[in-house]
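Chain nomenclature is as follows: A, B, C, D, E and F, assigned in order of appearance, with residue numbering initiated at 1 for each chain independently.
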C-alpha cells in the first residue's frame, strides 16, 4: 500500500512537473517572440538605438563615484600610446 | 606519563570513529579531484575542506550546541537535556538525538538552553550552515550572481531553443521516479521529499540543487550537492557517448542559421518578462528566478555597473566560500555514510544521462516540424551545467565538421536549462514542500 | 482538464488583487525612470525590482511567517494562531493581523511559533529587511561609505557655508508642520512620528531618510524612500526655477574668492572634531554621524587605504543591493497603497522646494552682513542631494556668467547639508523616537 | 483638542529642531575656524608637512599585504621605462 | 532660556562622567599612534574610533537594550526589569546590572523583553560585537585571510625553525604564571580564564588573541586586543635590546645556508597535513587552524584564485572594519578603566619580552646540537607579529653584517609562531574554556 | 588556599601547554620532513613539475572572470605611453 502510494505521488509529480515546465517555457517562447516583434516595430533601428541608449546613459553615469578618473586616465594613456606608435 | 595519557585521551585520534576517518578520506578525494582534475574547484575545494573539518573527532564543528552536548555524553547534562524534552529512556545517544529532533520546537529550545548553560556551543560549520543555507540566502545570492553573468542574447535570438531546455528537465522527474521506485522495491528508503530533492541533481545546477535540498531534504543535502557538482564536472565524459548514440553523422553536421543580433532593449525587457511570468504562474519559483532575473537586469540595464560588478565578483566569491564550507558540514559521517548516499550517487548519473538524451531527442523532434534545422547536438546543452555542456556540444560538433561552431547556438538551450530547472524546483517545492 | 484547473487555482494570476497589479506597475515605472531617465539608478533599480517581487501574489516574499500563515487563511492554522494571541473573533484577515501586531511580544512569539510549526516561513525580502534595515545596519554602512567618498576640503576652506546647510534644513521642519497640518485638517492621518519621518525627505539624503523612517515610522518607509530618491533625481528640475525666482541677475553673477588649499591635518582633525561635537551635544545623532565621520577619517588618514577602498566599493555596493531590495519590500500593496502615500509624495516635493528657497535666502542674508560676498546660487546646494544639487548651482551660475564656475564653492554647503540633516534626524529621534 | 495637540507638537519640534541645527552648525563653524587657526599656527608649512606626512607613512604602508607584486611590477616597469628614455 | 536648559540637560556634555572623558582621550591617543606613528593602523584606527563611539555619554552604543534601560534609570522601567529578574533591592545601578548578569538566561531574556517593550534597543557597537566577535566569526575569517596571505615556503625549506616558533610561545605561559602570581599576591584579581586570555597577548597574533579572549574572558577583550596590537607595533623597539643582550657579535654574523626551492605540491600538502595533525591531536584548535589552513590551501592550490583574492581583499577588509569597531566597544569606561587593565598592559610587554628571549635562546640551543648553524637573531621572529618580527631580525642582522640578509630565514619561525600560538590557544580553550 | 590553587592551575596550564606546543610542532617537523622526502621521491623533478602544474591549471582558470586582461592592458599602455613621452 505505502509503496504504491509513493509511486503514485512520484508519477503525479512527474506529470505535473513536466507539464508545468513545458507549459511555462512554451509561454515564454511565445512572449519572447511577441516582445521581440514589438521591440522591432516600435524601435525602428534597434542597433542604432541600442548604441544611442548607451551613450545617453553614459553621461549621468559619470556622476557615479566610480573610479572614473582612473579609467579615463587609462583610456587617455592608451589612446596616446596608440597615436604615438 | 599520566599527563601524556590524558593528552592522548583528549586527543581526536583516540575518539576517531571509522566513519569519520573514511569521510576525511572522502574530503581528501574531493580536494584531489578539484585541484588536480579541475572538478568544479570553486565549489569542491570549500566543500571538500568543509567535509574534513566536519569530521574532526571531538571538535563537533558541524553540530549544534544541543548535539554537541548530547554527543559529549556527560551524565549530568544528559539528565538535564532529557528532562527538558521529556524523554525518560533511550537506547543510544543517536536514539536520544532522534527523539529530541522529533519533539516540539518549544521543548527543543529548552533543551538547547540547557546545553548552552552547560557550556556547549554551536560548531563553526553549524553556524555557517544556519546563516547561509538554512535561511536560503546563500544559494539565492549565488543565483543572483549567475544571473549577472548570464547573457540571454543567444536565447533571445532563437527562442525555440527554450524547448530543448524544457525537455532536458525530464532527467529530473525520471530520477524522482527512480528514487520512489527504489523505495517501493525496498532497496532504499526515500520519502517523496527526498526523491524530489534527489531528482533536482538532474537539473545540473548547483545553487538550485542546494536550495531545493535545503528546503525538502536537508539531511541529504551533502550527498546531493556533491553529486550535482561532481557530475557537472563529469559532463564532458557523460554526455558525448549518449550524444553520438542518438545522432547520425549527418545530423551532427547540420549547420545552423547565423544568430541575429539582439537589441539592448530586448535584453532589458526579457528578465522582467520572465519575472512577471514566474510571478503569475509559479510563485514558489519566485525567489530563485527573481534573484536570477535581478542579477541579469543589473547586468543588462547598464546604469548600475558598480552593483553588477560587485555581484559578479566579491559578493559571489564571499558567498561561495561560506556556501561550500556549509555544504561540507553535511558531509559529517553519521549523516553522509548511508546506503542512501550510494543510491543518490547512482540516481544522479542516471539523471544526467536521461536529461542529455531527452534534450537531443527533443531537438530531433523539433527538426521534424520545422524547416530551420537545429543541430541535435545542442540539445544536450539543455541540462544546463553552464557553460560546460555548451562546450561539449561545440566539441562534439567540431569532430563531425571542423568548421561548424555550435557554441553560441548551444548557449541558448544552456541558459534555458537553468530556467527550466528553476521552474521544476518551484513545482516540486509547491507540491511536496 | 482538471489538472489544468488546479494549476490555474494555485497560480499567482488567479490570486492577484488589483492593488498588487498596480504596485507591480509602479515597480516597472520606477525601473523605467531609473534605467531610461537615470533617476538615482543605484537605488531605484533594486527598490523597483524589490517592489515587484514584494507584490507577487501568493509568494509572500515581503511578509513574515506569521503574516504568511494568516494570509493563507487555513482555518486550522488560523485557529491555532488566534488562540496563541487570545483573539477570539475578527472581521477580516487584515483585522486579525492588526490585532496580532497590537498584542504583546510574548504572545506574538507564540503565534509565530504556531505559524512556523504549520510550515510557513518568512519571505525572502522580509528576511532582507529584518537584517539590513530593522537593525539599522544598512543605512549606517552606506553612510560610512558616503563619508569615505566625501571631501570636506571646500567646507574647511569656507566654513561659514555651513550656515547654508543649516538653513536648507528648514525644508524638513516646514514639512513636519505641513504633515501635522494636513492631519489637523483631517485630510491625512499622520502621527507626530510619521510627520517627523516624512519631514526628513526634505533632508535630501537617502540613508538618513531610511534610517529615520525605520526608527520612527517603518510602515511609511517605502513611500518615504521612494519620494526621497525620486526628488533627489528631480533636483535639476525642482531647484532652478526657485533659484531664479529668488535671485537677481547680478546676484547670480557674483564671483567668489578662490578657495584656499586645506592641509591634510585639518582634514584628519575635522571628522574627529565633528564626532566629539555630536557626542557632546546630540548623542542620538551619534550612530549616523559617527559612521559618517569614521568613513571620512579612514579616507583622509591615509594609513588604511585598503579599508577605505573596500568601504567605497564592495561594501557599499553589497549593502546598496540589499538595502534597495529591502526598501522594495515596503512597496507591498497593502502597506503602500493608501491616501497617506499621496500626501507623502506631495509633502516631499514641498520639502525640497522650501529647503532650496531657504538656502538661497540664507545666502542673501549672509551677504548683508559680510564683505566676502557669497553667490546665492550655492545656497540651494545646502539641501544636500550630493553632488546633484552642487552641479545644479554650477549650471545655473554658468548660464548667468559662462566663466563663473561655482562647483567647488557649492560643495561646501552641499556636504554641510548632509551634516545638517543628520543633526535634524538626531533631534527628531531624540524628541519623538 | 487632539488636532491642536499634534500641531503644538509639530511647532515645538520645528522650533527645537531648527534651533539645534543652527546652534550645532554655528558651533561647528566656530570650532572649525579655531581648529584651522591652530593648525596653521602650530604647523608652519602646512603644504610641506602634508606631503612629508604622506611620505613618512608611505614606507610602513608598503609593508601591508596589498597586491605588492603587481604594484612592484608596475613601479619596476615605470622605472625601466624612465631609464630607457 | 528654559528650552536651552533642557537642551543642555539632554546633551552628552552634562551626562559625561570623568571615565568617559578619559576613555575618549585614550581613543584619540590610539588614533594618534595609528595615524602618526603607524601603529598597526588597520586595526587601531577602527579600535580607537570605536572606543570613542563607545564612550559617548548618553548614546549607549556599546550597551545592550537591557543595559541601556537600566542605565537610563527610569523608575517604572527599573521596576519592571527588577521584577523580571526577581531582584528586589540594589545599592547602585551597577550593582543591579551585576545581579542581572548573574541571573539565569531565562530571567535575563524576560528582563530584555521588558527593556525592549519600554523602547530601549541595543547600541550599534553592541550589535556589531554580537555578530562579529561573540559568534567567533570575525577573528576566524581574518585568520582565513591571513592564511591566504601566508607563504609557508621558508618554513618548508627549513622545518626545524618550527622549534623556534614553539619556544617563543613560552612568553604566553610565563605571562599566565605572572597573572596568577599577581592574583595570588592580591595585587590583581584574575581568574584562571582571565590569566589564560592575558597570556595569549604573548602570542603576538591579533585574531588569535581576540578569539581566545572572546571565549575565555570577554570583559578583558578590549584591554587584551589593545595590548596585543600596540605591542605588535612596538616590536621594533621591544625586541632589539633583548636580541643583542642574548647574542654575541659573532652569533649575529652567522650566515645561514641558502633556502632550497619548495615545490608547489609540498605547499599544497602542507596545510592539509597541518589540518589533519590539529584534528587528530587538538580539536579545540581546529576552528582557528582550520580556517588558517583553508585560506592557505585556497592560495596555494591555484584553482580558486577568485576566492583567494576576495579572501585577501574585500572579505578581510570588511571583517577588519567591523572587528575593530567591535573591539572598540569593549573600551567602554566602566569595563576598561580598572586596575586590571594596567596589569594586562604590564603583563603584555613582559610576554613579548619573554617570548623574544626564549626564541633566541632556543636558536642557540639548537646550534649546540646541529652543524647547520642558525643565526639566533631569527629566533625572536618566533613570537609571530608577522611580518614585523622577521623584519626586525633582518635589520638587527644587517647591523652586524651588512651583507647578511636574514629576512627569508626569519619568515620560517615567524609563521611557525602563528601556528604555535594557535596551538597554545587550543590548549587553553581545552583546559580552562 | 584559593590563591595557591590558582597558582597550581597556572603551573599545570604552563606545563601542559608548553608540552603540547612542543610535541605538536615536533610532530609537525617530522611529518613535514617525511612529506618533503616523499614528494621529492615520487615527483622526480619538482621544479619542472611545479611549473607544468601551474600551466595545466592555467587554461581552465582563464575562464574565470578575473580582471587579468585589464591589468595587463593598463600596464602595457602605461609603459608604452611612458616610453613614447
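By definition in this document, a residue touches a chain if its C-beta (ideal position, glycine included) is under 8 Å from a C-beta of that chain, and two chains touch if they have at least 3 such contacts.
Predicted model only: the values in this text are computed from it and were never measured.
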- Message: Over the chains that touch one another, what is the least number of steps taking chain A to chain E?
- Response: 2
- Task: Report same or different for the chain B and chain C interface, where same means the shared residue numbers exceed half of all residue numbers found there.
- Result: different
- Averaging C-alpha coordinates per chain, one finds the centres of chain E and chain F separated by a number of Å equal to 22
- When the centre of a chain is set as the mean of its C-alpha atoms, what distance in Å lies between chain B and chain E? 38
- Using mean C-alpha positions as chain centres, tell me how far chain C is from chain F in Å, no decimals. 46
- chain D-chain F separation of Cα centroids, rounded to whole Å: 39
- Item | Residues within chain E bordering two or more other chains | 35, 38, 42, 281-282, 302-303, 306, 309, 313-314
- Query: By residue number and range, which residues of chain D touch two or more other chains?
  - Reply: 16, 20, 23, 53, 57, 60-61, 64
- Note on the structure: So, in the complex, the side of chain E touching chain B is made of residues 104-106, 135-137, 140, 268, 272, 275-276, 278-284, 286-287, 290-291, 294, 297-298, 301-304, 306-307, 309-311, 313-315, 430, 433
- Could you please specify the touching residues of chain E with respect to chain F in the complex? 155-156, 159-160, 162-163, 165-166, 169-170, 172-174, 176-177, 179-181, 183-186, 191-192, 195-196, 261-266, 269-270, 273-274, 277, 281-282, 302-303, 305-306, 309, 416, 419-420, 423-424, 427-428, 431-432
- Message: Residue numbers of chain B touching chain E in their complex, please.
- Response: 10-13, 16, 24, 28, 31, 34-35, 38, 41-42, 45-46, 49, 52-53, 56-61, 113, 116-117, 119, 124, 127, 313-314, 317-318, 320-321, 325
- What part of chain A is in contact with chain B in the complex they form? 3-4, 6-7, 9-11, 13-14, 16-18, 20-29, 31-33, 35-36, 39-40, 43, 46-47, 49-50, 53-54, 57, 60-61, 64, 66
